[in-house]
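Order of writing sets the labels: A, B, C, D and E. Residues in every chain begin at 1.
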Amino acid sequence: MQDVVNQVINTSFGWGWPSWAIALIGYLIVAAILFGIAPFQMLFLTLYERRAIARMQDRIGPNRVGPEGAFQPLADGVKIFTKEDIVPAAADQWVHFIAPCVVVAPTMFMFAVLPWGPGMVPVDMNLGLLFFFAISSVSAVGLMMAGWASSNKFALVGAMRAVAQMVSYEIPAVLSLLAIVMVTGSLSIVELINYQGGLFISTRDVASVPDWGLGWFIFSPVGFLAFIAFFIAALAEGERTPFDIPEADSEIVAGYMTEYSGMKFGLFYLAQYVLNFLLCAITSIIFFGGWQGPGVGWLYAQAITPANLQGDWIFNVLAGVLGVFYFLLKTYGFFFVMVWIRGAYARLRIDQLMDFGWKFLIPLTLVNIFSAAIWVGLTKWGAADGLAFVEGWSPLMRWAVAFAVTLILNLGAYLFLARIFAQSQDERTRQDDEVLEQLTNVA
Amino acid sequence: MTIEMQRGSVIVMDRRRGKLRAGQGLLQGLKVVWDHWAGSFRTNDNFSKIHGTFTVEYPDERLPMPQAYRNMPVLLFDDESGHELCTGCYQCQRICPPQVIHITQAKDPVTGKMVPAATEFIIEYDACMSCGFCAEVCPFDSIKMDHVYELSTADRVSLTMRKTQLNRPISYYTGIAPDLWAEAQAGAMKKLQGSIKRRPDVIGLAASLTEKIKARRLELAAAGQVAGGGGQEAGVAPAAPAAKLTPEEKAAKLAAMKAAKQAGGAPAPAEAPVELSPADAKAAKLAAIKAANAAKQAGAAPAEAPVELSPADAKAAKLAAIKAANAAKQAGAVPAPVEVPSTPLDAKAARLAAIKAANAAKQAAEQSNNE
Amino acid sequence: MDLLIQIIFGLLVALIIGAAMMVVTVRNVIHAALWLIASFFAVAALYLVLEAEFIAIVQVLVYVGAISILILFAIMLTRSSEGERLLTQHWWAAALISLGLFGAVLLPTLVGHTWNIPLPSGAPGTPETLSGVEEIGRGFVNEFVIHFEVAGILLTVALIGAIVIAFEERSRRRRVLTLSEEHILRQRQQATAERVSAVADAVD
Amino acid sequence: MTRAIPLEAVLAVAAALFCIGLFGALSRRNLVGVLMGIELMLNSVNINLVAFWRYLEPRFITGPSFAIFIITVAAAEAAVGLAMIIAIYRTWNTVNIDSVDSLKG
Amino acid sequence: MLKTEELQINIGPQHPSTHGVFRMLVTVDGETVTDLKPVFGYLHRNHEQIAEVNTYLQNMPYTDRLDYFNAMANNQAYAMAVEKMVGIEVPERAEYLRVLMVELTRILNHAGALGFLINDMGAWQTQLAFGMREREKILDLFESVSGARLMCNYFRFGGVARDLPPDFMPRLKDLLVAMPAFVDEMERLLRENEILLQRSEGIGILPKDLALAYSVTGPVLRGSGVAYDIRRAEPYSIYDRLDFDIPVGSVGDVYDRILVRIEEMRQSRRIIEQVIAQLPDAQGGHINPKARQNVRPPVGDVYARVETPKGELGFYLVSDGSSKPYRYKVRAPSFINLTPLGDMCRGYKVADMVVILGSIDIVMGEVDR
């Protein structure tokens, strides 16, 4: 973007502005675009969710406003704008007011490192992935503020639940990503996507594989298990069913949003849906190659890039369009999965949620990190790192061995942990007998 | 703690514990929901299907109402004559569980005696519980349950319905519930036939009384004309006595109705509020037979000729014939109106009318055949 | 460019100091904690200005995302009584100490000292060296391996310690019996009583 | 960046933050408030570390590494401190520093 | 969660999961319920007193409003009570029609109740939507035969209001084709679902003898393992001619109640098939007794009970020989089944409380009367 701005201002108009002004303008333009996109995502996703879940329930869903209900979110938005903003008398006015902003702002920040297509990333940060998750944890503060400031028991309980859930599910999310980061050796999101070229096997693992843009992490056992764990954690982070405990309407009315109305309520919704979009996007980026797909790599190779200045700009456009198309296709696909899960399952209880996170997901991701270490060792290391026996193998052979070993390891770990977990669940009811024994002895 | 059971058995539900739970159940659930999603692009129009959307987009489409559907009670009146079927017998008011029906019985303006009609009939729709008892108990099939359900208003008072708001023509009711009306008719006919069979001589009024009533009616009609026919309320009083028909009339009506039924049209009761002039039985018979023939020609199933006709008067016969003709017309889908003389007539006129009707019916039949 | 950075720096400093002042002076503890979060955030931004990306992100992740949440939780769980005095009796002494330290010791020392700034003209290191996660990671397993291990042990110990301290013993916690548990318990008590009485009868 | 802002400015900010934190830690009655003061002080130390690293030794990784160690310590300290506060609250039913004056619970 | 003091929370009367205007005064310790006090009466509308100023027939539409989910079953209980009092014989066909309607009611009630229960567990209405679809079909049938979907008012003393319309039987047979598919699907969706198992297994256990002591009835009692069904224990109407099994649970938790309800839907379908096969022709039977509009039972009292989908519904009537009941008392299953709620929820989490309430399957119209 800055190149374009520089081109326009300094070359075409010849104004000779300083570089920091160019940078500022470039970033402002990108930020403006993103701020335009984010609410649009929310509007689209609400409609998408309602239509999809209606189909799952043999209904049609909103189809009155506009063609196929396309303007329904706008109508809802107008309604929510014009509603009275009610602040409870006992509420802490300022905190009550600021909380929605604190919840929304981090989600907007997170767009900063999200790559939409080849070469289309607002800020190619070296630590993009870490930034993404660091910022996402900030919104927990906003939830806490909202719950506390409402001075409502339901709101407070909802906020405590939300924060406890977010904090404890960040750990499996980050741990499952750690496995991926170990394989790629980089925290940059762009690098993560570039890694996933290839066909079933990444080109970085086996260089001879044709680059169809399909060497996604999901195709490796490490990536698959990480995907499962990450997606579950993402459901919990985004407060989606079966982890929508903070706003469990059957227990604590609307959780931390109970005392909010009008646009503040709308902001919470905005934050939630934008966060869901971002989680789906980051899932598709990390495990499904983001904009990677057949054709994008080839198109981008012909385009104007820092590496290839002799390219044709038309390929930039083509690669961008195709890349964004793939990216959005995957992202909305994941959102469909979220809706699908919402349509199928009930909600867990808060202690069951914690149990599941700490006793099942975290051990699983730890095992997965071990698998990732094995994977890296078998595919990348050599005699210099102390693994001389893999030297003689061909890359494909090394990949195959790594695949088999990690598959067995992960599958075994999954089944074992599932069994242990199920048993522990059974014991939770049986444990009562133990307690009873004790109590009987006491009595 | 089990009970003695002669038949059947007690099944203890299988809880299936101890299996490895590794997410199979969750996947199964996803499969079920997926099937519904995939199947939802078809419509579910049949009771035997569980997939497919079953939404009825309400203001655009509406579910067909079953005939028995009951929402709010309405009052019926005869299409042609405007005569109301309600006699103000208070049966509905008495049975109504929430007590929302209020009837004012009509009084003879001269004598101050009750006449079988209602001057005012109020139903508080806002408190009505739609139980349908009023329609069930009504001996004259005059109160029936409506199918209209969009009754919301902004104010409660407008839901207190007066008689003018409650009145509906019989054809309206036959439109929404033809089978039920036919059933009601059949029931009435059965009752009628039963009473004719049971008491062929006693039925009707004594001859001396008939004379008296006739005189009185003339008087009343004159009074009504003097009053200038001011509104419905004034019109009701003179019209009401005609509801009581002589057995002859009834028989003719029966015949005509039978004929009309054969013609495939919707039967409607012929209750003419007009004064009756004496006429010969032959004409009536002829008219009825003509009507039946016409109906036959209209392409319907062979009509049973009314054989055991008791002497009837021309008026009723004529009416019946017209009805039959109309019915036949409907069957032939001819919109041509038939000129119907509505003033009191003698036998000749009745004959004429019958013939006219027959012709019209014939024409209709021909036309429909040509088509 | 310099001006822009100076403006940003000024704003950040104002936010850091202002928020920190609010932390120690505001009456409501929750508000204090929220100001603390603001201060943490501003410090993270200051790290970004200092081109220490990784530290900035870790600051957000740990301070804003974890520690402040922990503090908020603790406040809500302890429900400190409001309306009482905000500061201790000898707060003026503390104020004196702090002011003295700042005005008399720290500020003259820091400002007066000539630091051995090697290249005042420009940044020598490449960006990779500046905020490289890889370098830090290598540092952890080479140079600072002892520190790293100690930090790990410290974290583990802190985790266990926190759990042990905050854990309510099961015996102290009032356990609410469910209906079925109570029922079984009563049945057993009854059975025991019967057995006892039967034994007593037998003895008799 | 290093041209625009002198090192002294950053250090002064850190010193100010440290003193504010010190005041908070010494004078607040609420135990959580004390903890918050300590967190502020730790933060100021971190600023110092990063600033020195940035201005004096940008080639070596020592500064950020120690900043991370300090953050670790801060996290551990916060966890233990808050656990203690909860335990204190449970015993004395207050978190005011001058009410908690006996050694026996 | 950590929480160090007890907190009193009002769940209701305006709360999404209380199935109407019901209030639970809950004392929670953290997330654990230590005490629960059900408070009701917000929907009290003087049903029994109104019934004493109405004639016997006029009360029939009021019984619809008791448990508005299964009006037909309420009608049956009331009609049986009055018939028993006056000594009216019900024609054969009318009896069959009654059983047909009541068993359809059972299916629709359980379809809805399970949907609402899963909704209380937090599912986003999918199961409810599926249940409502089947319920709508049955309501269509009810509408075509009685004229109303919910407030059917179909039963009369000594018969039913109206014979079946001609299109009823084909539609019913279509419905019976869909029914096993629907129940199987429901079972696939619910039975082995790990989340549902976690939420329902071992939750809200009501032991067998306590269930008897609390005099709960219906699926709650059968879920606790007591094979008690009035259709078998004291066969009324034509139930002694029909084959059906009684499902019972083994533990008495929410999961057992779900299983029992699913199986009861299967058994109801079985009954309906038998009814269709045995249904006598309309010839000879006069099933709409218009003459019985004004019954005057002899002096005395009577108690008649039926097994509604929710449990034992009984009507106790005292007659003083006039056309109005002297005393009219409803033994409402929802109300009696609600009595152990407070004890059942003790020791469980707040989220479980909602599920336990859902598994009892109450309708406030019946609880408050």
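By our rule, contacts are C-beta pairs under 8 Å (C-beta built on N, C-alpha and C of every residue); 3 or more make two chains touch, one makes a residue touch a chain.
Since the model is a prediction, treat every value here as computed from it, not as a measurement.
Fewest steps needed to get from chain A to chain D, stepping only to touching chains, is 2. Using the average of C-alpha coordinates as each chain's centre, D ends up farthest from chain B.
Counting C-beta pairs in contact, the chain pair with the highest total is C-D.
Look at where the CA atoms of chain C average out and do the same for chain D: the two points lie 9 Å apart. A separation of 64 Å divides the Cα centre of chain D from that of chain E. For this pair, chain A with chain E, the centres built from the Cα atoms lie 45 Å apart. Distance between chain C and chain E, defined via averaged C-alpha coordinates, is recorded as 55 Å. Annotation for chain B: residues 21, 23, 26, 29, 32-33, 36, 44, 54 touch two or more other chains. Among the residues of chain C, those touching two or more other chains are numbered 1, 54, 58, 66, 73, 77, 131-132, 166, 175, 177-178, 181, 184. For chain A, residues touching at least two other chains, in rising order: 56-59, 160, 343-345, 425, 432.
Interface residues of chain B facing chain A in the complex, by the touch rule stated above, are 17-18, 20-23, 26, 29-30, 32-34, 36-37, 39-41, 44, 51-55, 57. Those residues of chain B lying in contact with chain E across their complex are 1-3, 5-16, 21, 23-26, 28-29, 31-33, 36, 44, 46-50, 54, 63, 66-70, 95-97, 129-133, 136-137, 145, 179. Those residues of chain A lying in contact with chain B across their complex are 52, 55-60, 63, 340-341, 343-345, 414-415, 418-419, 422, 425-426. Across the complex, chain A is touched by residues 1, 4, 28, 30-31, 34, 37, 41, 53-54, 57-58, 60-61, 64-66, 68-69, 72-73, 76, 127, 131-133, 175, 177-178, 181, 184-185, 188-189, 192 of chain C. Of all the residues in chain C, the ones that touch chain E in their complex are 73, 77, 166, 174-181, 183-184.
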